[in-house]
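Across the two complexes that follow, subunit A remains constant while its partner is subunit B and subsequently subunit C.
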Partner chain A sequence: MRQKLINGLVGIFVAMLLGAGVMVMQGYQPIETYLALFNYSLGNWYSIATTLRNSVPLVLTGLSASVAFASGPVNLGQPGQLLMGALLATVGGLYLDLPPAMLLPILIFLALLGGALWSGVAALLRYWFNMSEFITTLMLNMIADFFTYWAISYWFFDKAAYSPMTPPINQNGWMPEWGDFNTSVIIMFIAVLVVWFIFTRSLAGYEWRISGQNNLFARLGGVEIDRNYMWVMLLTGALAGLAGGLVVLAGPHRFIKDIGANYAWDGVMIAMVANNGIVATLLYGLFFAILQTGALGMELITAVPSELIMVIQAVIVLVVVAGRGYLEILASKLAERRKMRERAI
Partner chain B sequence: MNTIIEMQGIVKVFPPNVVALNDVSVDFREGEIHAIVGENGAGKSTLMKILYGMQPANSGRIRYRGQDAIFHDPGEAIANGIGMVHQEIILIPEYTVWQNVVLGVEPVGLFGRIDEKEARRRVQARIQEFNFNLAVDAEVGDISVAARQKVEILKLLYRDVSVLIMDEPTAVLTPQEIPQLFNELRRLRDNGHTILFISHRLDEVMELSDRITVLRRGRKIGTVDTADTSKEQLAQMMVGREVIFSPLRQEQQIGDVVADIQGITYIDAMKRERLKDISIRVRASEIVGVAGVEGNGQFELVNVLMGLLKPTSGEFFVCGERLTHASILDRRKKIAFVSQDRASMGACLSASIMENVLMTHHRLNKRFSKFGGLVLDYAQANRFTEEVRQKLDVQMDSRQAVFRSLSGGNQQKVILGRELSLGAPFILLDQPTRGLDVGSIEYVHQQILRMRAESYALLMLSSDLDELFRISDRIVVLHRGRIVADLITAETSITEVGYFMLEGKPNATKID
Partner chain C sequence: MKIAIGLINGMITAATPILLAALGGTLTFYAGIFNIAMEGMMLAGAFFAVIGSYFFNSWLMGILFAVLASLVMAVIFILFSVVLKTDEFVTGIGLNLFALGATTYFLRQIFKVKGAFSGPGIVSVPNIEIPLIKDIPLVGEILSGHNLIVYLTLIITIWVAYLVFKTRFGLRLRAAGYNPTCLDTSGVPADRVRIWSLIICGALCGLAGAYLSLGYVTLFSENMSAGRGWISLAAVILVNGNPWGIALISLLFGFSDGLGLFLQRVLPSQFTSMVPYVATLIALFVYSIRRKETVLS
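Our next item is the complex of A and B:
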């Protein structure tokens, strides 16, 4: 636990130091720039609310990847699952006319369903044809990408628009705002809590964790690997779908082209940095949201381009992931030396 | 006799907190067979690996032929005349004997072409010089394990090694092959070679060695002349207390058939017949041992019984319930299983001890879950782990510690605790004492016999004949996927079983 925290903090510190180096090399003021960055993402309630809202798709897709990787299945279909979740929620919002108390839960359910259906396709392909989800989920991403593009260009195209997008959804289906805060953040925290509980406290989660670490042992122990695989794929797909749904319900309230942005791949990256830990995924997701939100401010206030944030993110990933192995070596070296000293006394 | 190697004050620490060698000083004389004995984890292999340059010591010095010598890698050690034969044999099966021997130091002719004739001639000369019974052109994949071991030795002799370290060389051999190896080692000694022989089998050590160094938990207990010691004394030095070498089995009324394996045949994907018409009946209060040289169908038999492989034909019943095609979970209601490979089958090394103890119980035992089997009851799981710890006297830091942090013996105790408390009527044990030290082996045997006394039916596969003779009631012998003998332990001998293991038939030329 402490080691993980040190690992993360050192990674972030080194990455920011390197970022500062890059800035100095190009003639920018690093301290001023970082102040602008954090001021824009955390400086006041409005900034914090924006950062939190931006963290929703990052944390949820990260959670999807973490649970999948820690349980064994290499689900890399978060981008596609996110889009399908977003599309289904949008379609529900276009055609259903219900009071918010009923419409919101239905739309959230549709988002979950959209993601789960899409990951379910990959799961079935493996079940029937023994096709690796590593490949199928990646290919299904492309299909989802073009399918949703086609859907918003023809089926659900907003005739009034100049570029591919759907009309806005029913106002009753918009995630309510409490002052500056968007309630999609609450849904995210609930999802994190539920997933944490399933993963660490439930019987199924126990089996998933053990299967992810030693599949043969779990199998011999009587764990039904195939059934668990299906559930993990459906759950992680649903999480990615939820991310897509919430982006629509909280943000533009319609499906716009490229609505998925790079959220899902950032999520996969967050899962890797977090070493597939649930709490760590939440924390890194929030931190990456701070960086990404602050990047805009950084660009507005100083002359530093927002792309610099991508450099810092990449360096964090490198330092934290590489540092994890190195810290272990370091710790064992220290233990070795301590033991030798103890012996000498 | 001259001292050839002196190791002084060797200390080796394995992080986080294992002192593998604690100030060990030992000397080896030129032209002796020096056995290094000790339980698993005593530090025998580590000591030799330090000498051989495979691992650096944390402190201490090594003098070789009167000079300070620390080898940084095995190549350096070989160049200086020290070679090591490891437990697992590492050769290229597709290459012939001479190709394997010269690999790395091939005599080359014009333009770096390998001079095959010369290489073959040199290897042949070495084979004759040491009187090895080896065909120089045989493909290594086709020759026996004993012959492969000889190739390993030959590789070192070819490189003019004068000190030969042998790491448990008899572990892979059948009883019949051991005397030949010993003769060859003696001949090498008589030629002036020094042989350092790692073992934990006291009979062998007494027979072969000139001097014996005993290690216990990383410390040297002493070096003795073989002529002045006894097996009992060595055992006491090794374990630190007296060990009784007697059969532990007590007469007991055998009950009804519990496990019924009927004509199991298994043909693998390459159309090779791995198991042929295997029928074994195991009754309550009975331990049936399965003997055989490794690779004669043991792996397939275990996998078929556990449901990892589908048998081509045959049936398998436990307590009258047909399990031939049952799911693993259904099998586990009837079968407790201790695998030979703790790391891949028996446990999850990176999970906590508690999570390892919980496996299978979480599905079969209602007390470990709440809310209709959805949520784990951690309080119960912790309590159960504590029960296992106390009952089997497991040495552990905490229940949450990773399983990897336990010693081999303690790992096996946890696994036994988990499996034996399942209450399944049939207990399948695949090499349950592999890699354990003498003390732990004794403990495991007691647990197995306790289950026998409690009317469980046990099937135990083992490549250790002593073990089979100590605790099983019957011994069946597997040879090339067939059962070639079904013998009552009390009415057979290690020699007889050994012949069945090797030849698949009784010894035609009976000596007695």
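Our next item is the complex of A and C:
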């Protein structure tokens, strides 16, 4: 635990140091810039509420990737699953007219369904034809991207708009706000809790974890690999779809082009840097949200382009993951030396 | 007739970047590296090709910059996956996103634009008219007048096929994938062979990137590699790394790309843009059926 924490902090420190180096080279003030960044994302209640809301898609797609990678399936289809979830939730919000207490759960269910359907396609291709989900999910991402683009340009196009987008959804389907806080954050925490419970406390989760660690052992122990594979793909797809649905319900309340931004790939990075741990995914997801929210403030106040944060994120991932491998080797060496010394006495 | 020639030329144009990246990918495939950083290497190449071409007013400098940038990416990959033994999958994904972030950042920093940069200052790689052949009707229209990099790609395909199957380096390369311990004990460090395979892969992906931004079109736009690196990875996996097979598959993808453009007359452009990705899925499907049959017989 302590080793993980040190590793993470060192990685973040090194990445920010490199970022500072880039800033100095281009003539910006690094300390002032970082202060602006954290002030904008954590400075007051409103900033914290914004950061929390921005963390929703990051944490949920990160969770999706974490559960998938830890259980075996290389589901890289979060971008497409997110878009399909967002589309289905939007369509539901456009055509259903119900009171909020009924509409909200239905829209959230539609978001889950949209993501699960799209990951289900990849899962079935694997199940029937043994096509590796690694490439099929990537291709399905591109297909979902163009499909949703088409849907919002023709099918559900808002005639009053100049660029491709749908009309706003029914107001009863908007995520309620408590002061500055959006309730999508609560859904996110519930999702994290449910997934944590399934993954670490239930029989199914145990089977997923051992299948991910040692597939042969799991199969010999009587785990039904295919069925578990299906469930993991559906669950992780649903989580990514939920991320997309909540982005629509909490934010612009309609499907705009590029609504998925880079959330899903950031989520994959978060899963990697968190080593597929559920709690670590939540923490890194929050941290990435702090960086991304603060990036806008950084740009406003110090004129450093917000895109710099994308570079810093990738560096954090590489440094933390490489450092983790190296620290493990180092730790085992130290333990060995200690054992030798004890034996000598 | 004109449509047929257009389709064939479109096929060759669209196949070139995929083929170049896949040839690089096949070297690392033989060396036993799970290299998924082609996408990022290509993107870095495409951006720095524009930088070199714009600031030096020369397409040669563009290609040089593209290859250098892509090599830097390859060196980072080597540092993490070969030297520090970081997971190759994580390194690849991290590098791809690093390339995306860095090119977007520099696009804004250097050219002060968001989205895309094009301008009269960018010198594109010239097309080559082959004397004599260009005067033959039909054949001339198909074989002559392509971009310089297209002809380079043809030569590189032959070179890679020769390198892998006929040279000592090729033998060691395949050994590094089949049985690295055996290679190590026979006195050739497998890691050194892997490093070379990654360096060549970097150079080829850089060239592919240069073709994207200086040949295919003359501009750079955010994330302009658009999944081509992933398609080239699929191509490598589909034919188990055989360079000639890769050439054939790349031409098929190129054809589907051209077909998509052709279909734009009847379908919305969003659907025609999907064609290459659907084609990849179909190719994977055919591959899996064929493999099942060989297992049964």
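Convention: the second predicted complex is superposed on the first by the 336 of 345 C-alpha atoms of A that agree within 3 Å, B and C clash if a C-alpha of one lies under 4 Å from a C-alpha of the other, contacts with A are read in each partner's own complex, and residues count from 1 in each chain.
One rule holds for everything that comes next: a residue touches a chain if its C-beta (ideal position, glycine included) is under 8 Å from a C-beta of that chain, and two chains touch if they have at least 3 such contacts.
This structure is a prediction, so every number in the text was calculated from the model and none was measured.
Asker: Once the two structures are overlaid on subunit A, check if subunit B and subunit C clash or fit side by side.
Answerer: Fit.
Asker: For subunit A, which side has the bigger count of touched residues, subunit B or subunit C?
Answerer: Counting residues of subunit A touched by each partner, the higher count goes to C.
Asker: Just checking: does A:K4 make contact with subunit B only, subunit C only, both, or neither of them? Give me first, second, both or neither.
Answerer: After superposing on A, A:K4 lies clear of both subunit B and subunit C.
Asker: Counting only touches as set out at the top, which of subunit B and subunit C does A:L318 meet: first, second, both, neither?
Answerer: second
Asker: Please work out whether A:N130 is in contact with subunit B alone, subunit C alone, both, or neither, and reply first, second, both or neither.
Answerer: second
Asker: State whether A:W265 touches subunit B only (first), subunit C only (second), both chains, or neither.
Answerer: It touches subunit C, and subunit B stays clear.
Asker: One more residue to check, A:L308. First (subunit B), second (subunit C), both or neither?
Answerer: It touches subunit C, and subunit B stays clear.
Asker: In the overlaid three-chain picture, find the nearest pair of C-alpha atoms across subunit B and subunit C and give that distance in Å.
Answerer: So the smallest C-alpha to C-alpha spacing between these two chains is 6 Å.
Asker: For the complex, which residues does subunit C have touching subunit A?
Answerer: By the definition above, subunit C touches subunit A via 76, 80, 84-87, 89-91, 93-95, 97-98, 100-102, 104-105, 108-109, 226-227, 230, 233-234, 237, 268, 270-271, 273-274, 277-278, 280-281, 284-285, 288-289, 291-292.
Asker: Hey, which residues of subunit A end up touching subunit C in the complex?
Answerer: 26, 74, 125, 129-132, 135-136, 138-143, 146-147, 149-150, 153-154, 262, 265-266, 268-269, 272, 305, 307-311, 313-315, 317-318, 321-322, 325-326
Asker: Tell me, which parts of subunit A touch subunit B in their complex?
Answerer: My answer: residues 201-204, 206-207, 209-210, 213-214, 216-224, 331-333, 335-336, 339-340, 343.
Asker: Enumerate the contact residues on subunit B facing subunit A in the complex.
Answerer: Residues 11, 13-17, 19, 22, 58-59, 306, 308, 327-329, 331-332, 337, 339, 344-351, 355, 358-360, 362-364, 369, 373-376, 378 of subunit B touch subunit A in their complex.
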